[in-house]
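Below you'll find a set of structures to go through.
The same subunit A turns up in both complexes below, where it pairs with subunit B and then with subunit C.
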Partner chain A sequence: MNRTTTAFSIGIKEQVRNYVLVALLVVLPVSFITLAFAVTQNVEMPVRTLVDGETVTVMRGMPEVHGVIMTPITSALIAGLAGLFLMREAKDTDGRLAVAGYRARQVIAARFGVLAAITLIVTGVSVGVMRVDFQPEYLWWFVAAMLVVSLTYGLIGMLVGAVFNRLAGMWLMLILPMLDIGLFQDPLFIQSEPDWWMKLFPGYWPVRVMVDTGLTTDVDTALSLVWATGYLLLVAVLAIGIYYRVTQAS
Partner chain B sequence: MEASTTTTGEATSNKVLVRANEIEKTYGSSFPFTRSVTVLTDADLEIRTGEIVGIVGANGSGKSTLMNILVGVLEQDSGTVERTGTVGWCPQEPLLYDRLTVGETFRLFGSGYGMTAEEIDEAKHRLASKLDFEQYLDYRIDQLSGGNRQKINLSIALMHNPDVLMLDEPYTGFDWETYLTFWDLAEELAADGTAVTMISHLIEEQSRLDRIYEVRDGQVYDVTDQEAETDATASERGEATDE
Partner chain C sequence: MNRVRTGIRSNVSTFLRTPLDVVLALLLPVVVIEGWGQAMAGLPTMPTVEAIPIDLGRLLGAIFGIAIIAGLMGLTQMISARTADRRLVQTGYPPRTLLATRLATLGGVTVVVAAVNYGVLWLTISPEAPVLTFVFLVLAGLVYAFLGALVGALLPRLFEGSLVVVFLAMMDAFLSGDSPLAADIPEFVEYFPLYHPKELLQEAMFQGTYTTGNLGFVAGYLLVLLVLVTVVFGMTMRTSGGWSA
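Moving on, here comes the complex of A and B:
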């Protein structure tokens, strides 16, 4: 087993023993997504989305829209906290792995691999819980956007962990997805196009994809998924650079 | 002077394994209205095979900063560090992963050192037997007492039989028996050619050190002879009193 594989497999074991993370994985999807469907009044609401390349308003059931928004909030929140925890631990200890002989690329591959694995699980659980109450029109487009937004938030969690301590970081990573996905991008709250500064948040492009492929019968947001992936890559480059700097990996 | 660090080849007998020249380090802050702290201004130091070297100095004098630069976990602002051979580092605070077991910790770091599974297993049992933590091999790090965590912290630095051993107050939390075992181990390693460098606060252990560097006012002074004179003077005084 090479160094990257060893660090990755041991890193996974370490996260499995992180009971806070495991508890969040069990409790949050049920309490956020299932309850969102259960308690939301079943009335038709106007929803802004893309149809044939045009921004239009369509009428959809409020529980469906609320469910579509609460699913990425849940996933982004857990992935963000996982990224935060990973960076906080790495910041303290991964420098010692470098002294022991690990190359930067080996530790980075292992740590980011662990984050990717957690994100896959979180996305899978969130979408699975959502599907008990709601079936998106285009499941795999929806899942792709979910993965992108969750991974982006996981990496943002790492960036936050590099700058803030655990408590401040937790507050930030609890509030940020709520504000971004749950307020700025929520078509129930923002009936017109979001302001320019709301479009700078990581949820803008993925949520467009999720609203479109979850609630309408055509896929009109392929380009939005490309932009979302570009945003993810940009955050990934930043996170790798910051990780390299704070752990003194060499 | 630009900062540079090089690590080269294998150690041979009576050779300088670590050489630091004109090391400077200032801790700055990117926030306004906060001051920067200059810790090292022109620090030079050499560590040779088979020596037990002590780094002493007052609190906040820069001992740990110097060691972190020598190890390579902290970058100096300027000056050069040349290292030869493999390094084992025991930081002052145990830098270990809390949710891993002792066995997994050995596997993780052993893999970094390039050791095979058999070599890791052998090192784990040898050090567990020597430092008396065999019964804790399946315990998680966060389930260990402070002293046992420190034993693992030290063992991780030793497990690959490094050419240079850098120890930052390695015996914190050790009981007396383990403290004595630690010194036996350090002397055995030095006899086998390992350069053992440790940050020390205890006056009584300075007689065990081959060379003593004092970090003072940002510079490093070789005070070995002064310590020897002090010891001799104290000894003479003791004899005079006895008489």
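Moving on, here comes the complex of A and C:
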């Protein structure tokens, strides 16, 4: 077993040993998403999306639209908080791994691997619960966009964890995805062309993909998924750079 | 009395020593209130769906904002100083005095955050009953501050605790907020922490009145939370705070 795998498996064991956390990672998405479907009015609502390359307004059931938004909010929130706390932990401990002879890239790969594993679990649980009440038209496109937005928020959580303390970080990592995915990208609330600043948020491109591939019968947002992935890569580069600096300094 | 004053002073100075927390505590309410108001106002009117007036959106943003800021602060207050608290108990600080200093600090910061929320509402809406509006914002914040403190005392890890507080606040804000998106809201939602504060705030803001029943419910809620926090905090300090054998 090489060093990266050792550090990764220790990180995973550390999380798995924490039964409360494991339970919460399952119970919270199940209860939140199920509740969102259960109490949402079953009424057709106008939704602005791409159909055959053109932006049009289509009528879709509100529970489905709400589900398309609540599912990524859930995973983005949890991944964001996970990233935040992983970075705070790293600030305290990972410098010691460097002293013990670990190379920076090995520590980084292990920590980011733990974040990716948590994100995968939360995304899987969230999509699984959503599928009880709603089947996206193109499941794998939908899942890909979910993963991208959740990983992006996980990495943003890491960036926030490097700059802010725990309290400020928690405030930000709650309010940012709520405002971004829950309000500024929600097609129920934004019925016209979004303002330019709304497009700068991490949820803009992935949620476009989810609305399109979840609620329409064509895939018109392949390019949006490319942009979303580009955004993710940019945040990843920033997070790796910051992580490197933080662990060097500690 | 001196111990209480010293404790409060030290807690407040710890909070003020992190200027980013102070700046965010003052800035986030503005962002949340305006974000909620502007975005929710975009919901179209449909046969069974009522549009949300921008002022109601702002009010819902204010109540969610203060709940989450105070709730996470309560959680952090209880968890971050746990080790120090144990040592203080070992040196003779009574757990109740210690808890009183923590809750008093929480109360003080909640009042300041409520004042910022109130300021934003006052500038954008002009409440019918300004004093009542401010008092009810404080009450909403206190409910979540105590709830956060209770979660922190029961579940002394920030990641897990924050997940509980955050998801509770989100479900609470969605269900208690009379969301036009929702139907068939279960009756037990009346027992959610924000339900009655939101009713009080809405009445004070738009009609200038309040219902005694709602106020009594909130007071009872706060009392129950206070008792629970005191009991749980006392237990954790007793079991973990004694000298080891």
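We take it that the second predicted complex is superposed on the first by the 241 of 250 C-alpha atoms of A that agree within 3 Å, B and C clash if a C-alpha of one lies under 4 Å from a C-alpha of the other, contacts with A are read in each partner's own complex, and residues count from 1 in each chain.
Note that contacts are C-beta pairs under 8 Å (C-beta built on N, C-alpha and C of every residue); 3 or more make two chains touch, one makes a residue touch a chain.
What you are looking at is a predicted structure, and each value in this text was computed from that prediction instead of being measured.
Trainee: Looking at A:A82 after the superposition, I want to know if it touches subunit B, subunit C, both of them or none. Which is it: first, second, both, neither?
Mentor: second
Trainee: Thinking of the overlay built on chain A, is A:F184 touched by subunit B (first), by subunit C (second), by both, or by neither?
Mentor: A:F184 contacts subunit C only, not subunit B.
Trainee: Check whether A:E14 is in contact with subunit B, with subunit C, with both or with neither, and answer first, second, both or neither.
Mentor: Only subunit B; A:E14 stays clear of subunit C.
Trainee: As a test of reading the superposition: which chain, subunit B or subunit C, is in touch with more residues of subunit A?
Mentor: The larger set of subunit A residues in touch belongs to C.
Trainee: Quick one: classify A:W171 as touching subunit B (first), subunit C (second), both or neither.
Mentor: After superposing on A, A:W171 lies in contact with subunit C but is clear of subunit B.
Trainee: Could you pull out which residues of subunit A sit against subunit B in one structure and against subunit C in the other?
Mentor: Shared contact residues on subunit A (touching subunit B in one complex, subunit C in the other): 18.
Trainee: Once bound in the complex, which stretches of subunit A touch subunit B?
Mentor: Listed in rising order, the residues of subunit A that touch subunit B are 1-3, 6-7, 10, 13-14, 17-18, 89, 92-93, 95-102, 248, 250.
Trainee: Which bits of subunit C are touching subunit A when the two form their complex?
Mentor: The contact residues of subunit C facing subunit A are 18, 20-21, 24-25, 28, 31-32, 35-36, 39-40, 42-44, 46-49, 65, 68-69, 72-73, 76, 80, 155, 157-160, 162-164, 166-167, 170-171, 174-175, 180-186.
Trainee: Contact residues on subunit B for subunit A in the complex?
Mentor: 71-75, 87, 89, 91, 95-97, 99-100, 104, 107-109, 111-114, 140, 156
Trainee: Name, in rising order, each residue of subunit A that touches subunit C in their complex.
Mentor: 18, 20-21, 24, 28, 31-32, 35-36, 38-46, 62, 66, 77-78, 81-82, 85, 164-168, 170-172, 174-175, 178-179, 183-184, 186, 188-192
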